[in-house]
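Next come two complexes built around subunit A: one with subunit B, the other with subunit C.
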Partner chain A sequence: MTKKPGLSMYWASSCGGCEIALVNINEKILEVIDKFDFMFCPCLLDTKKKDIEALPDKSIEITLFNGAVRTEENAEMANLLRKKSKILIAFGSCSNDGCIPGLSNLYSAKDHFDTIYLNNPTVSNPGGIVPQRETEVPEGTLHLPEFYDTVRTLSQVVDVEYFIPGCPPESNQIWDVINSVIEGVKLPPKGSVIGAGTSTVCDECEKIKEDKKIDRFYRTYEIIPDTKKCLLEQGIICMGIATRAGCGSLCPKVNMPCSGCYGAPDGVLDQGAKMIAALGSILNLEGDLTEEEITGHTNKIMDSIPDYAGTFYKFSLAGSILKNSVRK
Partner chain B sequence: MKIGVYFCKCGTNISDRIDPQKVMEEITKLKDVAYFETVDFLCAEEGKEFLEKDLKKKKPMRVVLGACSPRDHEKTFMNVLSKAAINPYLMQMVNIREHVAWVISDICKASDKASAYLKGAVARVQLHEPLKPEELNVCPDVLVIGAGPAGLKASLSLTEAGRKVVLVEKNPVIGGMPVRYEEIFPNMECGPCMLEPMLGDVLHGDNSENIELLTLSEVVEVAGYLGNFIVKIKQLPRYVNPKKCIGCRECIEPCPVSAKNEFNCSLDERKAISFAFSGGLPNFPFIDDKVCIRTKGENCRLCEDACIVDDAIIFDDKEKVIEKNVGAIIVAVGAELYDCSNLTNLGYGKLPNIYTSLEFERIIASNGPTEGEIQGFGKKGPRSIAIIHCAGSLDKNHIKYCSGTCCQSAFKFNQFISKKLPNTKIFHFFKEISVPGKETFQLYNKALNNPDSMFIRYRNINEIDVSIENGRLAIHYSFSSGKRCKSTADMIILCPPVIPSSDTAELGSILEIPADRYGFFEELHNRVDSIQSKLKGVYLTGSCQSPMDIQNAMNQGLAASGYILSGLPEGKKLEIEPIIASVDEERCSGCRVCNLVCPYKAIDFDEEKAKATTNSVLCQGCGTCVAACPAGAIKGNHFTVEELLAEIQGVLT
Partner chain C sequence: MKKVTIDPITRLEGHGKIDIFLNDGGDVANVYFQVPELRGFEQFCVGRLAEEMPIITNRICGVCPEAHHMASLKALDDLFEAEPPDAAKKIRELLYMAFYVTDHTTHFYALGGPDFIVGPDAPPSERNIFGVIKKVGLDIGKQVIETRAQNHHVIEMLGGRKVHPCAGLPGGWSKPVTEEERKELEAIAKKNIDFALFSLKTFDKIVLNNPDLLELITSDIYTHQTYYMGTVDDENHVNFYDGMVRVVDPEGKEFVKYHPKDYMEHIMENVESWTYLKVPYLKKIGWKGFIDGMDSGVYCATPLSRLNVSDSMATPLAQEHFEKFYETFGSKKKNGRYQPVHFRLSTHWARLIEMLYAAEHMLELASDPEITSPEIRNLPSGKAKGVGIGSVEAPRGTLTHHYVTDENAVIQKVNMIVGTTNNYAPISMSLKRAAEKLITKGKVIKDELLNKIEMAFRLYDPCLSCATHHLPGTMPMIVKIINSGGDVLDTFTRD
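Presenting the complex of A and B:
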């Protein structure tokens, strides 16, 4: 019997949703186990880090790495799995673009510790104790991995072969990728996004799209949208226009705006910046307006968006061209 | 990749401030830079010769030029590259003169900045693609909409150059407004006499066979682009055969019905079969089917019975839709006057003897409703006539601008009235006087020196109140001091501003050309390109672009035909600049964000494929859609995202 190719999955700074998305392929997981030696997945299996360390380099065929790199431990595991894997796949939005953990880049590590351990109404910490990398106890020295000042994406830390986007990636897309490996389909060039489309969510959205001129934006609770029409045209910020296709337009289908979890489409460098450029193009500024009136009107429209980073960069702040240069 | 860099000293313009040696040391460190040449004057004949020879000898794959503004010499150097058999788009020109040498005095800083810019160019030029202009067959024929002074001038000059013109006029007569004026300012020439030779040339001149005149016609649909427009024109039935009718007028008298004559501002009536006014050309009548009793089921044939030729009257004439293929469109639809009934305080439409300037033009015209007589005041005429200038202009509640022609009309009336009615006093109520140009002031002087005229400057048109007192018109007004005063007149002439005609907006949407904030058609640039609309191949002439006098309208008509003769050469192919945007169908999701952003109407939406498309003829390469496209599906040639990023990175490293 020939040896089955190895498959591993690891979670770094993540929520566990990616693992759930994997097992959501349901009974097909049996086929995965049949074709692969599923050797490492802390969420599902009992193998340990030392088992991986003991493997020869490049002995794992595919590693699905989800989660962003927040701590020294995340980086250590990223490096280890890089070394041991032939194909390292950034799996899910956190490892692709930083996702929700990436939004913490608006604050420094110290800001976080201050908020979490010191200046928090539900915390009583009279000694002002915050996590230390090394703590002396009678038994010796305790070590904690470093909590980095910024969250990084996987490819900002190690070399990555492929990217599967989504928060989480859709199970059918995951299966398509695994199945194509099983069937021996030729792999795309290194650096490609797989398990997703190349265009945008609008391609998969069946709502009627017309010319767009927006007078104001609504938060979802402020409006009952016409369910047949494009949500963006109705003033709801739907990120679908600047988000990679692949999810099957899940959120717009149920009349919730896309929040952008599949990241930027092919050809777009920065999802948030692109979205803002697109919105700037469809604001209704027609009529006899002076320069001041245009500024005033634009500011008024923009003021109706309470959280720019959380709206435009909800999933992509760490991976954006802003990278880690913006702090609140 | 082998990149050649040339540094132009521009005499000492550049090299005084930027050290070529220092820049060379920096730039030649770059991996792909094969050589660095310093030249005294790259744009001089010797410079160009050197460049051509050097390029032929060294055969670089890409070229970077550090020199002046690309606005000065990009084309010059592109031509040199072409001569050296290198695609001209494989060059990047860096403006180290205006952007660096002329604005930085410190030689070290200037040299560093020049190096940074050149590094950006070296990084970007590697990604340049060889581009080729697209070629297109063109239709040389021209559609002219409107047969007033601008449209007539354009039609005649185009046909003189051998072009074919389709001239569309919505009225039954041509000549626009001035043929309805007895006298034309500033030299008080007879309007119809001045225009008649032109009208004659259009109807039966040397080149008239090349003018297809369609009266009672309107453009209803336009598709296509410069060089190839498909136009649909709706022509209403005239019920009179122009080939048979001899214009004898025998048919008019017997007609049993009549209605208000809008060509005389409804001051008199015309028959169901009639001429717009006497002397109107082309010289044959039309039947107004809204008035004719045949359309109400009666079998009246009185006009036909009176007709002295056979088959000149065609009762079963039908509305037609005519399709034409043209290469360019000249819009010359004119304008109209602001509705004076909006100025309720002036009594227009409610009180007697208050006329607009246009109504007065018709009253004093010998082919008008009263054959040039001011009636109703006995032999001596009215004791006094008040002319109110700026009746709605320069006023934030009405029209904000000054038309620049109404004062001239007012002073023309002054002369006319004094000649015709020597005993009549003339009051000029004005807010401002506008008499620009080398001739108009004489009109103004004549009015000033006229012992029967009086000038009164009022503060605000909205403060003027007109009422009837003792059977005469009482005009209450305020001076600038606020003091109220009263004058009495027997007749008032209101001079309202010129505004876009009521069908401007509709025609604009048919042609897809935008209007400005006042509703006039918007020019490409208000100083350097006021003849071109925002849509390539559609030209704006006459008062549909801005209020103007006949001289300007004629000039614009001529300018538009010049544009067409030079820009749409007959028999030649049109070369289209390759720096344009294109849509990658694979990436386009049909979200329609880009649909409305294009200022040149170059973006269309293919409903069937649900994809955006760009039109390479209309596209000017501005990049607005490239920035707007959230899917990254639109590529701007020569300014791709990759090229721009490489340039930025090059500058920053």
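Presenting the complex of A and C:
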């Protein structure tokens, strides 16, 4: 009997939605188990970690790594699985771009500890206790992995073969990738984004675009949009124009703006910068305006967005060219 | 060990770590259950646009994003003083019922239930979804997959996405329900009722008719007398989406019933340096440590807790099973209410009764002609008032979101007390109890210890689905036994 290829899925700093998305391939999950030796989320502390360490290098065919690198332990696991896997895939927005928890890079580790454990309305902490890497208790010593100062994407820590974007990746896309491996389809060049399109969410969106310019932005709670028309052209910041296709424009379908979870499309280095540039071209600056008036008007419109980082880099801050240079 | 994913701000990732310390006599001195993971939502939500919190806090937990979406929306309704139109409320609630059905189904058949269905003494390799299928038949396995698939389809139809729904707005919902969709929802709700009834029958046949299992459920390894918390409606029925938070004492007397907005008067959190997760307790009683009883502020917020704080269920079939539940355990009525059941393993049964209620209520909502009304949004009339608090019952406990904003509705401060977090102390206590019963004078019954710890853990369904049990089904775990000299005597692992 030929040995089945090993498939592993490891969960670093993430929410579990990637696992749910995988399980949501429904009955096809039985086929995955049939075709692969499914080493799903292997247990990796102490002896078990030693078991993985004892494996020959590159002996796991594919590792789907979801979650960002936030703690000491996440980093150790990323390095170990890199060594043991033939193909390491960054699976989901956290490992690709840092995802929403990547916004954590706007603050230091100390900021987090102060807010969560000290200055919190329901915390009673007269002793000013915060978690420690080592704690002496009457019975012995307890250890915690270090909470790093920043969130890093997988490829900022180790070499990565492929990237499957999305928060979470859509189940049909996950199945397409797995199925093409099962069918022996030739893999694309290293570094490719797989399980997604190459263009933008706008290309998948059925809402009518009229090349309309806008006079102002609306927060989503300020407006009931025309559901047939492009949300951006109605002044709602929809990230579709700067976001990779692949989801089938799920959020705009229910009249909510794309929030950008599939990351930047092909050929775009920085999703947030691309979006800001796109907004520049859609603002209504027609008429006989001086340069000063244009600047003033643009600034006024842009000021109506009180959170640039969270709006334009909601999913991509940790992986962006900004990284943590915007820390407050 | 793998992970006990404790949902909120702090998911327990990588692995839940349980260190068992023995004293000189070889008995258990203490047990520490650590949560070695922190992501920091309470900090990095500061500076965000308030209206984006329902899609930001979704990412706290991919297993129960629906619960965060709803709690967040209710906090926004409060912040913007925008009450959603009835149809929007009903759509939110309908989605939430579908979510409860799929979530409780997953737990019963794939996560917690295998302990019973396949049996607590079956080898770990059998105690999983595949073992369940072997015992109850492949058809059932297919039905489980279908129930999950259909209810996730509902979540996508109403909420835009199967995982991390996005359709909620302060004062409403972004997409109406068509008549065609309503009919489909009605059909799925009916199937859910059948499936819930079938699941209760299975529980009856396999568990209740088995004296050994009943004895295990009522044994003192799995009994803790604590306070209980849950949300109830005007008539003190269990309610998942809205109502007052009721807390009863270990004797079943109402300790307090409060509006979620007043949560700060009733809940406090303790910080320990050996874990990233905070430990909540009842403020008016105080933190006395990981102990049970009337004088300890430890409370529990689970399906069992919700039944214990309620007078009855809001739907007829669930009510029948509610009565059977209390009668079976010999609970007497006092002042018109059943006395609380303290057997923690009965949480599995309570979860199925909740599944039936969710399915029945889903049908009520899907049959309501108002659900197709296009009136699904109320635009806020003024500016954000500066504070918004909202709560729902997440499957794993009462979930509270609390935001403070500036007048532009930009977040300045966030506090969240999340489902599983409520149960940090009870879970720790259950683990310690299991260890104490199974380790005496340095003698460790290895397999039984692992099994019993596993069961103590799973009954709380600590938001870990894929974590405590990954797909092949067993729970990866590391348990260290350390003697009074600090030497590691033994390390048990299971993968």
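What we mean here is this: the second predicted complex is superposed on the first by the 307 of 328 C-alpha atoms of A that agree within 3 Å, B and C clash if a C-alpha of one lies under 4 Å from a C-alpha of the other, contacts with A are read in each partner's own complex, and residues count from 1 in each chain.
Everything that follows uses one rule, which is that a contact is a pair of C-beta atoms (placed from the backbone, for glycine too) under 8 Å apart; a residue touches a chain by one contact, two chains touch by 3 or more.
Since the model is a prediction, treat every value here as computed from it, not as a measurement.
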With both complexes superposed on chain A, which partner does A:64 reach: first (subunit B), second (subunit C), both or neither? neither
Of the partners subunit B and subunit C, which touch A:89 in the superposed model: first, second, both, neither? neither
Look at A:199 in the shared chain and tell me whether it touches subunit B only, subunit C only, both, or neither; answer first, second, both or neither. first
For A:112, decide between first (touching subunit B), second (touching subunit C), both and neither. second
Touching partner for A:240 - first (subunit B), second (subunit C), both, neither: first
Quick one: classify A:132 as touching subunit B (first), subunit C (second), both or neither. second
Which superposed partner A:310 touches (first subunit B, second subunit C, both, neither): second
Mind telling me which of the two, subunit B or subunit C, contacts the most residues of subunit A? C
Residues of subunit A that touch subunit B when the two form their complex: 198-203, 209-213, 230, 232, 240-242, 245, 264-269, 274-275, 277-278, 280-282, 288
Write out the stretch or stretches of subunit B touching subunit A in their complex. 517, 584, 586-597, 624, 627-633, 641, 645
Where on subunit A does subunit C make contact in their complex? 11-21, 23-24, 26-27, 29, 33, 38, 40-48, 51, 67, 70-71, 73-74, 77, 99-101, 103-104, 106-107, 111-112, 115-117, 120-125, 129-132, 135, 137-142, 144-145, 147, 167-168, 171, 219-224, 250-251, 253-256, 259, 306-307, 309-311, 314, 328
Residues on subunit C engaged by subunit A in the complex (per definition of touch): 1-3, 5, 9, 11, 13-15, 17, 19, 21, 29-30, 32, 34, 36-44, 46-49, 51-52, 55-56, 59-63, 65, 76, 80, 82, 142, 145, 148-149, 152, 156, 159-164, 166-167, 169-171, 174-175, 263-264, 267-276, 278, 280, 287, 377, 379-380, 402, 408-410, 413, 415, 417, 463-467, 470-472, 476-478, 480, 482, 484, 486, 491, 493-495
